[in-house]
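Both complexes shown next keep chain A, but they swap its partner, so chain B is in the first and chain C is in the second.
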Partner chain A sequence: MLRCPGCPRAPGLRAMIPFIVRRLVITVFLLLVVSMITFAIFFLVPRLAGQNSYQLAVQYVGRNPTPAAVHAIERKLGFDQPLVVQYGRFVRGIVLGAHYDAGPDKTYCPPPCFGYSFRNQQPVWPMMLSDLPVTASLAFGAAVLWLVFGTAIGVLSALRRGTVFDRAAMGIALAGVSLPIFFTGLVALELFSFKWPIFPNVQYVGLTQNPLLWARNLILPWTTLAFLYAALYARLTRAGMLETMGEDYIRTARAKGLAERKVIVKHGLRAALTPIVTIFGMDLGLLLGGAVLTEFTFSMHGLGLFTVLAIQNNDLPEILGVVMLAAFFVVIANLIVDILYAVVDPRVRY
Partner chain B sequence: MKRRRIFPFAAAGVAVALGLAACGGSSNKSAPQQKSSAYNAAINGVVNPSSHKGGTLTFDLSSVPDSTDMGNTYYAFMWNTVRLYSRALVTYKSVPGAAGNTIMPDLATSLGQVSSDGLTWTYHLKPNIKFEDGTTVTSQDVKYAVERTYAKDVLPNGPSYFKLLLKDPSYPGPYKDKTPGKMGLTSITTPDASTIVFHLAKPFSEFDYVAALPQTAPVPPAKDKGANYQLHPVSTGPYMFQSYQPDKQFVLVKNPNWDPATDPNRKQLVNKFVFNLNVNADTIDQNLFHNFAQVDMAGTGVQAAGRARVLSNPALKANADDALSGFLWFTYINTKVKPLDNVHCRRAVEYAADKTAYQTAYGGPVAGGDIASTVMPPTVTGYQKFDLYEATTKPHGDVAKAKQELSACGHASGFSTTMAYRSDRPKEKATATAEQQALSRVGIKLTLQGYPSGKYFTDFAGVPNFVHSHNLGLDIGGWAPDWPTGYGFLYYITAGPAISPAGNTNIEELNDPAVNSMFDKAVKTTDTAARNAIWSQIDRRVMSDAVILPGVYAKSLLYRNPNLTNVSLQQYYAMYDYATLGLK
Partner chain C sequence: MARAKRDGAGGAALAGDPSPVVNSAPPDGLLDVRDLRVHFPTDDGLVKAVDGVSFRLDRGRTLGIVGESGSGKSVTSLAILGLHHGTSARITGEIWLDGRELVSADPARVRQLRGNKMAMIFQDPLSSLHPYYSVGNQIIEAYRIHNDVSRQAARAHAVELLDRVGIPQAATRVDDYPHQFSGGMRQRAMIAMALSCDPELLIADEPTTALDVTVQAQILDLISDLQAEFGSAVIIITHDLGVVAELADDVLVMYGGKVVEYGTAEDVFDSPQHPYTWGLLGSMLRLDRERAERLIPIKGTPPSLINVPSGCAFHPRCPYAELNGGRSTDEVPELRAAAPGHLVACHLPLSERRRIWTAEIKPSLDGSGQAREAKEAP
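Showing the complex of A and B:
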């Protein structure tokens, strides 16, 4: 990197600690607000629309519910309590844990306790934790692919602007952005899992269970997901590179005799990285909350599929839990992005 | 049943249920026909009979079980599946065809011995039947299992027949039971370790069908974990739980303490069953075609894309069965919403409806089913074919007769009403649109109103006050029985006492004293043939009342993986019999 005698140095990690602490405190308040809004949407709004607690309880009593059964569930799930009390119990569970009446005895749900699923009466937090590796595998693997290929294609397209390569790459990128995942995913499955069984029987296998099978079964979901994002990143990188490669300092670097590769990577790409880092943080954070369409298409039991089922079943503890977890990931991802800004761009101060 | 597939049971396609002994204990006169693979071969025969052992059999399911706990589940596919790891007092025969509706002893030595007043039913347990841990099953374990069904706050999903029929409806369930050993349900007595006696509040001649519910599968009290019992129910069947990840997968392995000599109904052939949950429905069909899985656990048939592929490919079609599912898709005609409170106006609807369009809306003859003319489908014991409104002879409707009925009810130029349907069910929407057009030919103007299926019965069509205030004269629905008799099918959709203020299933609000008294008479009639005749009489009376517009006797196109052995359609469950399957 060019040394600038008068330019400020990049801040050390120590200098950023107060900034990080402030952001973490804000994160807690943000998650509280998110939980309140989610609770209001799924519980308060139906009440305002006229649904009573009996009608809500009927959904969780199976078929031909008798009034006695409905009232029992109403009491068990706390629907007969004021909404403020129900919400208070939920928050208390996250902080202090909660006891649950499973029948013969009470079970203890340690903090963070997001309650018990209305549908299958299992604790929500362990269910989310067991789904997290699937989503994480999907998200990180695809992220590596789209970052590497997307930025590489974007750089090459920028350097070969107007050529056949540039036009072809951007055309494919446009297709990638336009085609929905449930289309590309199903086509990928049909071709590479069923018609030509290169990747037969795509099911999630744990990394520690069988690393090779884990990777093999994730190749189709990774490439499907990465295809969409790589397209976006290619276009973004190309635009950023075109802008930075036209700057005066690039001309100066070339004039000073620096190798072209150094000029492109160390000076051009680095400067163009800032918006890419921003977007990457957001994208990864959102994906960790669940790659809904990809998981649904490939029947992978991650947080995305968990979310869909929770909403379909109107299972409030599951909905609240996954929304808060997803919000947490987004907030933390943004925090990491902000920290990385300081590394990438020494002009950034906190 | 009001929602998708609870207890569908398939017929052989020919109505043979009349005269079939509902409580028969005799075995079939001839062994099931053994067949090689061909279209519909598994409906009346066993395809790929084999005693070959070994392998892992994979089931895929597009959703999740409501519970794997035998006392807490109410879906037909689960009642079929739990037979792999549990045994009830009595069970349905694992044979193809109409004989599959016959119940036979399972844990018990015989069907119930009923007292002369019809109030006491006694069962004796077979000796030395063991749980998976080697302990012997006792009558108290069966009693405890039934007691659990009263704990609706912990186990809310299963049916409530024991609470409805036995003498002690106020029993709070074993988790609030303070008596020693938690045996506080007084309406069940266990004079010794192998005898269990049920004391009914009123005679109920079909109690054996209630005893066939998986809720009578024994549960050892010391091993009961309430809501968490579903994670590992203690087995009495040929297989037992190895693992269960909720919403993802459960695995069954061989139960070493299952004795085949006591259980002619089941087989222990494969080494392992793997049940994959929440698999994309279209992927399931592909998995079946490519042998990544062997059974679609839901048993409701292939999806639209898969169906097109099966029917157009002779090799695939030879592995398919188009079976009656036991469901009737129909429309309720409400008797309290004017002018449908007049029977002639209701009959006008019956005559004017386009039954072919109804069938087409549900997918045609193969995917949808056969045009229906009765409330009871052919799969139900007691079914008799009749056709009061020319559904099968004039399937596009009889406009002239409809207009005559309209004149008789004082609305010669027609009337207006609202038709409710489940908005997230494309077939019901298509049906509503088709019938709106059909009925308009005689001046009956329908306003169509869709409601979400999850709340259809709890908040909308199943709430009489809502129906009245919103003028829902016609309401689309479907039903399958809890057990394959007229009572099991008809009671909750046509009996007056079944009307309830919410979650109502007698949506037409029929409260016909003649129908109600026929039900009362039937449940006291111990002679099977006489009882079956009453069901048919009820069916005819209900159709004469014109409170139900039958649509189609539903069918499902099932695909049987060619690697499966001993494949046959179990009539009661209306899907392949899971208790007999093996692998080549």
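Showing the complex of A and C:
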């Protein structure tokens, strides 16, 4: 896309710098607001609901704690202090790290400190960091698959509207959109892992450990996840392409004597893909926060499973951390989408 | 006697050969359209968007095609460019462009002529320009499709063209995007794009409809200047008789996919012979009228192209249809010469039409005509 003739060249892109700077400033502001809201949900709302700091602290310690232990935690997490101070400590922790000190018990949580899980006796961030590659591998691999196949099928369907190909593709797409991952995933596992063990013993293996095994074990989860999204994208692309190919500027391109293939790719697809870029960024950002169903189905310990376990264990620091991280991904994805959008569509550049 | 002769001609028409212009030899003019029919099969029936249209056009001449929405003007022009290819359209007849027949030609060959030997300007320049590409790039693309030149050369050509069509600071504005242009400038850019390959035939489909009134005249002037300069043949498609009066040498009036009147601009404006043309003239806004008269609308609505009214398609709206004792409802009128080179499709006897025009229609239009003559006299 960057090399195509007619795409915006240097002067246009240079004009985008103020736009990008503005978006960056807004993004930082947005992240701050997200942190405030998240913080408020976990600390302000319980207080408004009438919980005192002791009751709040109870949720942070193990089962059947002694009152003394609860008080220690209460002091250690600073629940006895005003909310503004607590929020300040929370943000400070993300940037500088935090010390959790209560009497003789000293705990250091290095930056970025998203909290300290007392149930697991370790800071939240390293735990999330070790689960992130699983989710990222899943999300990015599947994203490539669904983007390529979804849009390709959508374009072909649009160009061959009403043919057998179109009807078949849209029928399968409807199935893809309707079938939940825990169904398609389990069917895929049953067929290709147990009945015909092409992919036996599916589990996550690090990319750096064994790239081949990494890819082989991820093929089933990738396809399962991509099937759902590809179906969605095929339908979106088809609709967008049908609309675009009816535009006046397509008629102009044909009136110039341009070859039909170029009319479709250069004039039709370019315009039809713009909304796809937007949705793609959002979907990818959301997935990076945890592909819950896929991870669960294929027992891969990524951020999604991390979240499920954190909720089951009522581990507030973990939930807070993963919410912040997921929000971060969505905000960043939005930023990238905005910039991409400006690259693609000159009308939003200024 | 005269009546019997016309009946004979009508009978021959029903047996085929609907237009007197049709002949089989390749033409010597630039464009010769013969019995063009464009039909679209739909679920509701066959839409006869264009049904037996014939006309010819020489280099340096301008033809105005006039008619309401749905009369088949645009469909005709798209058929000439071969832009119905890939749709459900069924096209028959002949389109001769400079000695080559296009209807039966290989679409790839027609594509090579498109934008090159024949080009088109569309109605709405904002939606007709691609929003994601700069104006310059779109002109460069059009030029390089048919000319094997470097990007730099094509760019220089684009700047030159933009300058020629009156874009100020063309050298910098060539990199602007369509949304940064005003409506008039966009249409100028469209014209520059259409002219990029120096076409011999330029079709302008309602080129001023989407523009400000103040800009319309400028664009029309530009088109006629460029025509004089490039010597191309121009087809102006419009529902605005004022535009036609200003630019056209010949006028083709279409109704319900058929030609109802065809002649020189003088013929059609000074002695129009078809009741539909009278209606168009009556509903035309004219600034030269002395009194602020009412415009006289044509009663009724344009005909359905699926269930075209029997006989003359205009008869349900025609105030003179009864004068024929039912012929208008039963028999499709033939295009016949009312004067040499002036063809009209109407069942009214020629003498009757002349009488109605001079006695009824002209005076009703002519608070203005008399006033103009009075002014010109001293």
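The criterion applied here is as follows: the second predicted complex is superposed on the first by the 249 of 350 C-alpha atoms of A that agree within 3 Å, B and C clash if a C-alpha of one lies under 4 Å from a C-alpha of the other, contacts with A are read in each partner's own complex, and residues count from 1 in each chain.
The rule is short, and it goes like this: contacts are C-beta pairs under 8 Å (C-beta built on N, C-alpha and C of every residue); 3 or more make two chains touch, one makes a residue touch a chain.
Remember, it's a predicted structure, so these values are computed and weren't measured experimentally.
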A:Asn120 contacts which: chain B (first), chain C (second), both, neither?
first
Contacts of A:Tyr249 with chain B and chain C, given as first, second, both or neither:
second
Taking the superposition as given, does A:His267 touch the first partner, chain B, the second, chain C, both, or neither?
second
Return first, second, both or neither, reflecting whether A:Ala259 touches chain B, chain C, both chains, or no partner chain.
second
Looking at chain A, which partner touches more of its residues: chain C or chain B?
B
Once the two structures are superposed, pull the chain A residues common to the chain B and chain C interfaces.
none
Under the definition above, what is the set of chain A residues touching chain B in their complex?
51, 54-55, 58-70, 72-73, 75-76, 101-105, 107, 120-122, 127, 130, 186, 189-190, 193-194, 197, 200-201, 203, 296-299, 301, 305-306, 309, 314
Sort out for me which residues of chain A touch chain C in the complex.
5-6, 8, 11-12, 247-249, 251-260, 267, 270-271, 344-347
Taking the touch rule as given, give the residues of chain B at its contact with chain A in the complex, in rising order.
1-3, 6, 64, 66-67, 74, 151-160, 163, 174-175, 224-230, 245-248, 276, 278-280, 282-283, 286-287, 289-290, 292, 454-455, 458-459, 492, 500, 502-503, 505
Hey, which residues of chain C end up touching chain A in the complex?
81, 83, 86, 111-116, 119-120, 122, 124, 127-134, 137-138, 140-142, 145-146, 151, 175, 177, 179, 190, 193
